[in-house]
Each structure stands twice: as C-alpha cells, then as structure tokens.
Amino acid sequence: MGSFRGHALPGTYFFLMSFWWIIKSILKYVSKKQKRICYLGTKASTQRVELVEGIILIFMALSGIGGEQFLNGGPSLILYKEGQWNQLDGWHHCTMYFFFGLMGVSKVLCSTINSLPGSLVKLMMSNALFVEGFIFYNHTHGREMLDIFVHQMLCLVVLLAGIVSFLEFLTKNNVLLELLRSSLLMLQGTWFWQVAFVLYPPNGSPKWDLKDHNNRMFLSICLCWHYAFTYMIIGVSCVFVTWLVKWRLRRLCPSEVGLLKNTEREQESEEEV
Amino acid sequence: MGSFRGHALPGTYFFLMSFWWIIKSILKYVSKKQKRICYLGTKASTQRVELVEGIILIFMALSGIGGEQFLNGGPSLILYKEGQWNQLDGWHHCTMYFFFGLMGVSKVLCSTINSLPGSLVKLMMSNALFVEGFIFYNHTHGREMLDIFVHQMLCLVVLLAGIVSFLEFLTKNNVLLELLRSSLLMLQGTWFWQVAFVLYPPNGSPKWDLKDHNNRMFLSICLCWHYAFTYMIIGVSCVFVTWLVKWRLRRLCPSEVGLLKNTEREQESEEEV
Amino acid sequence: MGSFRGHALPGTYFFLMSFWWIIKSILKYVSKKQKRICYLGTKASTQRVELVEGIILIFMALSGIGGEQFLNGGPSLILYKEGQWNQLDGWHHCTMYFFFGLMGVSKVLCSTINSLPGSLVKLMMSNALFVEGFIFYNHTHGREMLDIFVHQMLCLVVLLAGIVSFLEFLTKNNVLLELLRSSLLMLQGTWFWQVAFVLYPPNGSPKWDLKDHNNRMFLSICLCWHYAFTYMIIGVSCVFVTWLVKWRLRRLCPSEVGLLKNTEREQESEEEV
Amino acid sequence: MGSFRGHALPGTYFFLMSFWWIIKSILKYVSKKQKRICYLGTKASTQRVELVEGIILIFMALSGIGGEQFLNGGPSLILYKEGQWNQLDGWHHCTMYFFFGLMGVSKVLCSTINSLPGSLVKLMMSNALFVEGFIFYNHTHGREMLDIFVHQMLCLVVLLAGIVSFLEFLTKNNVLLELLRSSLLMLQGTWFWQVAFVLYPPNGSPKWDLKDHNNRMFLSICLCWHYAFTYMIIGVSCVFVTWLVKWRLRRLCPSEVGLLKNTEREQESEEEV
C-alpha cells in the first residue's frame, strides 16, 4: 500500500461497490412502491445479482491480496525473515482484504443455498468492517501526527459503517439504513483518495506538512464535505432511478400508470380522513 | 463566531426550534389522547407545518453561513490564502450550519414528495448532530482548559442528542423520545448562551479565570441546572398545552366533553378488572 | 458528604430502595404467573404504591439536600462567597439529590394523572442516573489515586444502571431487566458503604494507603464480590416471595391450587408435543 | 495462572464449551428447518441437555477455582497475610471462575424450575463476561507493553462477547447471534492459548521481546487470523451437521424426504410469484 496507487485502489473498489449498492437499494425501494413492475422483483433474479456481487467481491479481495503480496516488493507470502517480521503493513492490508473476501464467499453461499439465513451477509459485512477498523487502529504506530489523524478518521468511518451494518443485521429491510451504510462506505472510498493525495501527492505537488495542526483542522471539515458529497450522489441517483423506473413503466404499460395514479390519490385521501 | 453574538445566535436558534418542537410534540400527544379534535390532525396540515419548518431551518442555516463568512471579517468564501488556510474556525461553523440546512432541505422534500420515507428527516437530524459533535471535537486545539471544557460539554450534549435522534429514527412515534431530544437541543441552546457569557463576558464584566479548576467544577453542575431548567419549561408547556386543548374542546363541542369523560371512566374501570 | 455518614446515608437509601424494587418486581412476576391472585394486581393499588414510593423518594432527596446544605458546615445555600465558589462538593451532591427528587415528582405525577405515559418514570430514573454519573466523573479532580478509583467505580456502576434504565424505558415489562437495574442500584448502595469504610475508616481503624496499587486491585474484585452479594439477595428474595405467594394462595383458596397444578401440567405436555 | 498451564486450561474450557454451543446452535437450526425430526426437539430433552451443561460449567468453575487456590503455591483461601494482600492475581482468576459457576447454577435452575424465565441464562452469561472483562481491565498494572496488549485484546474479545450475549438476552432465537457469540468465545479460547505461547513459551523456545512494537503489530493481525479460524470451524461444523441430520432423516423415513423436497419446491415457487 504505502503509495498513491495502494490507497487509490481500495478507494476505487469501495466507491464502485457502494455506488452500486446505492443504486440497488433505491431501485428496490422504488420498485416496491410501484408494486406491479417486477424489475429485480423475482427471487431468482435477486439471487443471480447476489451471486455476481459475491464473485466480484472475491475477485476484488484476491486482486488486493495479490497486489499487496507480490507488487512493489511486497512480502511475497513470507511472514518471518532474518529474525524479524517481514513487512507487517502488507500483511495487515491482506488480512483486511481477506475478510472482505469472506463476505464475498458468504454472498455466494447465501445466493446458492436456500436454507442459509439471508442476514448472514450483513453479519459478515459488519465483521469485515469491524476487523478493518480494528487493524487500522493498530496500524499507525510511530507515524507523523497528520498520518495518524487521517487513518483515525478512516477508522472512525469504518467502525460507524460496521455499527450500521450490524443494525441492518438486527433489523429488517430499512432502506434508509442501507443507504446510510452505503454512504459511509462511499465516504470511506473517497477518503482513501484523500489520504492518497495527502500522504503521497502525485506529480511533484508540494508535500503536506504532516506536523501542522491547521492541516488537521482542515481535514476534519474536509471529511464532512466528502460526506456531503456522498449525499449529493445519493440525491442524484434517487432522482435518476425514479425517473428511469417511471419511464420504463410508461413504455411497458401506459394504461396502468393512470390506474396507479388514481389508486395513489385514493390512498392519500383515505389517510387524510 | 469568536464573539458573544456568534455564540448567542445559534443558541437562540436552537432554543426557539426546540421550544417549538416541544410544543408540537405535546400538542400531537394530547390531541391523540382526545381523539375527536382534528387540530394538527389532518395529513395536509402536518405537511404544511413541516414545509414551513424546513424553510425556516434553511433560512437559519443560510443566515448563519452568511454571518460567518461575511460579518466580523470572516473568510469571505476564501479557503486558502497566502500559503495557509484562511480562518478555519469560520469554515468549521459554516459546515455545521450547512448540515442543518440539509436537514431543512430534507424536511421540505419529505413534506412535498409523498414517496419519500418519513423517517428521513430524523436520520438527517441525527446526521447533522453527529457532524456538529465531530467538528466540535476537532475544534479546540491549543485553547485554555475552561474553553476546551465548555466545548467538550457542548460536544457531549450534541452527541447525546444525535444518539436520541437516531433512536427516534429506528423506533416510531415515542413522544418521550421526542421530548428527550428536544430537551437536549434546548440544553444545547442555553449552553451556547452560557458559553457566550463565560468566554466573552459582555459589558465589561470581570473575565472568568480560564485555568481555575473550580470554575470547571461549577460549570459541570451548571450544565445540570440548565438541564433541570429545560424540564421546567417542558412541564409548564405541558400544563399550558393540555389546558389549551381542553379549553378549545369545551368551546367547540361542550356536549362531547361529557361523553369523553364517561368513556374515559369506562376504560379505566375495564382496565382495573 | 466528605465523611463516613455522608457516604453511608445515600448508600442506605439506595440499598433500601433497590431492595424494595427487587421484592416488588419478583412479586409482580410471581403473581402474574399465578394469574388468579390479585395481590398488587388492581390498577388502583399499583398507583397507590407508586404514589407512596414517589413521596418517599422526594423525602429522601429533600433530607439529602438539607443535610448537605446545613449540616457539618455545609454551604447553607450560598453559592459564591468572598470571590470564590463556596463548597462546590456540597452543591454537586445537592444536584444529584435534586434529580432523584425530580424522579420522585414524576412518580407522583404518573400515579395521579392518567394521561401521562407510564414510561416517564423510567426515563426520569435513567436521567437521574446519567446526571449522577456525569457529576461523579467531574467530581474528583486532584484527589489521591484510590479515592479517584473508588469514585470511578461508582461512576461506572451508575452509568450502567442508567443504560439499563434507558433500555427498560425502550422495552416493556421485562422482569429480568428490572432486576438487573435493581441489582446495579443495590451494588451502588453497598459500594457507597465500601467507599465510606475505605476513605473514612470509623473508630480509629488503620487508614488505607491511598497510593498503593494493590489496594486498587483488591477493590476491583471487591466490587465483583459486592455484585455477587446482590445476586444472593435476589435469589433469597425470589425463594421467599414465591413461598409467600404460594402460602397465601393455599390459605385463601386451597381448591384452586390443585386446579392450577393440573392446568400447568397440561400446558407442559402440550408444549412437549 | 501465571504459567503456561494456567492459560491453557481456561483456553481449553472456552474452546470446548463454544465448540459444543456451535454444534448445538446449528443442530437446532437445521432440525427446525426440517420440521419433522424431533432430534433435540422435545422440551424434556432440551432441559436435560441444559442440566448437564450447567453441571459441567459448575465443575469447570470449581476445578478452576481449586487449581488457582491450591496448586502452584496459590493463596489457599488466605486473602490478607502479613500486612498485605495475598496473591491478588489468583483471587482475580477465582472471581472470574466464580461468575461462570453462577452461570452454570442458573442453567441448572432454569432447566429444573419451569417458572423461571429462560433468558436468565443469557443474562448471567453476559454478566459473567462483563465481570471477566472488567477484571482483565484492572489486571495488568505495571507489566510489559506486550503483556498488557495481549490482555487488552482478551478484554476486547470478552466485552464484545458480553455485548452479543446481552443482545441475545434482549432478542429471541436468532441463530446468527448465537453463532457470533460462540465464535467470540472460541476466539477467546484460542487466544488464551496464544497468550500462553507468547508469555510462557514452552520447552525452551526463545522468549518474545515484550517491548518490541513489531510483535504487537503481528499479534493484532494474529487475532484476526484466529477469528478467521473460528469461521472455518463453524463452516465445517455446519456442513457436517447438515449432512448428519439429512443422513439420519434418510435412514429413518426415506419416503418423507421426497415429500419434503416437494414442499420445499412448492414454497419456493410461491415466494417467486
């Protein structure tokens, strides 16, 4: 990892995964509201999507582990060399990737074996996030102040995402909890990019002063702006998906839309009474 | 902010907002108990109230951001000037206001678009409070002991309010949770005033010794007294609103009151059996 | 407080209150299991008990405040004297008593006004405990190591009791949560006595070395033994109350006991099928 | 304890207990899914299993207390000797064993007395774990960095297990929560072995440098690998138990299996609709 690319890669993974989950959550919610469309509705298609997601997650984890171990002079699977531990940082990162890989495996299993409880995936996600947070917490001994700070922020975001995943595991089908978790994962992704720019400025940009406390104060609000940015993405996705579903609906069965609107109006007037 | 007015303004905002929410919660609860009155009862009027609240929140946030940026020699939207960050304190405060503005936007959206889940507002409130707490936590580097202490207390109150908001988001319609959250917001409001008096004593009052530990011990119980004060306000509001609702009821339909009392008595006797 | 009696008094209060609550919880649970007895069963008698409890709580709070303010050279309601705060420790204790008094007031109100939600009392108890924990946390500046430690333990027990009370407020009618909360309150009571013996050894006993870390290690398991002791009391109460209820039942309606046993057996055999 | 065996013994106890609980949870879940088998299904047999578990737990606790008190020059029930506390470490361990013994007692009571609430066992388990975590937290004063670290990790795992037990107590019959708790207990068991190997390397292995921070970084991922290992055990148990149940089913009633499969298929097709 200790490089720009090493931080940009997981950042991109988290961003893409969470973006897809945001789209999926909204799509599921909107489809449910407009009950007649069976886009993503059948159990079989949902399971196929889960299966593909699981395989992609496993691929991501394997590529991450491979990159850590063999690129840029990684430890190459050697844990102990010449009387001391061999590049523990690389092993830390591999362990994190491994647990996300386990989550991918649980996704594959849950989508193929019916008798497994569906919330297993949520539990494994929460586990993977807690393990990641735990490792980041024990990761930054003896570094500069700002380096520690940006990793602590990462740790905070990861642990919050883990807690929200765990709440998802305990409750069922709360679309806002899903979006909250995805937004925190996306925040993690963009924050990985921020860390890459702060610690390894590319193309000869000037280095950040890692001891200046003003930088720390700036980065603490910067994290909030990243978070506001994920909200913006969720908002735009929401508008786009709703429009898409309505457009498909209109093309497929224009007569039913009118009916839908009527029933909606009736429901509302009933609620008002 | 760094002035008496800069602390009194958000204090007033929080106090007024939470006072209104206390009144609203009690009104809703009392109206529900006396089922026949439709004061605030129709969905349309509730939505109109939410809309107005949202617009007021947005206005408050914008006025706060404007004041921070352009009054008292604020940063004037310039983030980086002459090789260093430009007045990060002001930007911190703007970020907090911005997230409360987002909550206002979500209120407006939820009151105009029916398909949005109603608990979105609670989630955004909890988010805004967590962001505020996070920023306050990273806000007081290098200040005096008492200055840090009063901001830590603010941070504690804000985070507790955020947790209660999040619980409100997870559960539904618990009037006591609503009042608890409002009381914590009101505590925040009055505490802002207390901070203003401690750090920027107006009209030439003697300055507080920011290093004296006795002041800290006093302020820690002072916070509890503020909290007791919010209880008093809730109690008085409760009595007043109940009297108001009963008085309206008596004027509107004096015959029904008698009926209500009878049914109440019957219910009680049934419960006793 | 700063004396043996000052710690023994609240300790006795907490012990007696929690002992009564343990008896009450078990009595309610056993009576419910044996549905036909209406001991404590009518709503009216429950409310009368609540009313008396509330009045006793208010009396305890007032006696505590009075003792703190006027006995042993207390502050006598003077907060600020000769340019400095006047005996803030006493004011700290008064604030704690005050919030327990508020809980008593809420008990009285809930038992007289039917429209108030019943869980208000639980919320006020949790509030009183959180306030107590908060004040203890800010109470021990500049004291000896062991003095701080025993107060931290108090603070821990109080906050745990506050969390359990809050869970009771969120859930309904879980007898084990009630007993857990009562056991933590009883632990607090016996720990107050322990603190009194450690810090103010009576009758010329040798003083504890407040800097010796072995004392700290002993007191940390001592807390656990206190807790085991509350379990023993709960166990004995349980046996005694069950025996009492069955004895009353047998005396009042000996024929029904046989019926009860039969129905019990039937239920069990049904469950086994 | 302060020896290899003193850490290996509780490690083995926790490993065996949690392994049995993993098997039991999976067996219960699989049996429920295949409703017709009454393996472990009758209330009487469940109670008998609980009774035996309780007795084994009590035996484990007593053997642990006995070993601590009388083997290897333990305190032999003498708490205070020659003006100072006598081997408080041993008393710490005894207190932990004692609370697990209490849990065994509650298991025995719940399985013999029908009127006790079943979740009492969960509460006592959570209590025992919290007490253990609390004692470990106050256990390592003045030791080397790595010694403190491995005990902190133990403390973390124990407290997490305690929280999960408490969640089990609050919710009902969530097989994944049960497995999560068992996996954390198994992690505790294997970690005890790890601690034994780190602090008391057997057979003249080289000693670990207790001040080297690299060792700490290695042990932090080592904990994660232990956790991954418990997952593997759960996975293998799951496959084995499912195969066992199906095999028993096939041998007992081969005709019903076909029926089961048909109904399963029907259910699925219904869900897809």
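Order of writing sets the chain letters: A, B, C and D. Residues in each chain are counted from 1.
Going forward, a contact is a pair of C-beta atoms (placed from the backbone, for glycine too) under 8 Å apart; a residue touches a chain by one contact, two chains touch by 3 or more.
Predicted model, so just to flag it, every value in this text is computed and none were measured.
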item	value
Subunit B against subunit A, contact positions shared by both copies (same if over half, else different)	different
C-alpha-based rotation, subunit B on subunit C, 0 to 180 degrees, nearest 5	90
Centroid spacing, where centroids are CA-atom means, of subunit C and subunit D in whole angstrom	32
Distance from subunit C to subunit A - Cα centre to Cα centre, in angstrom	45
Of all residues in subunit D, the ones touching two or more other chains	none
Touching residues on subunit D, where the partner in the complex is subunit A	30, 33, 167, 171, 175-176, 180, 213-218, 220-221, 223-225, 227-228, 231, 242, 264, 268, 271-272
Interfacial residue positions of subunit D with respect to subunit C in the complex	42-44, 84-85, 88, 91-92, 95, 98-99, 102, 114-115, 117, 119-120, 123, 131, 134-135, 138-139, 141-142, 169-170
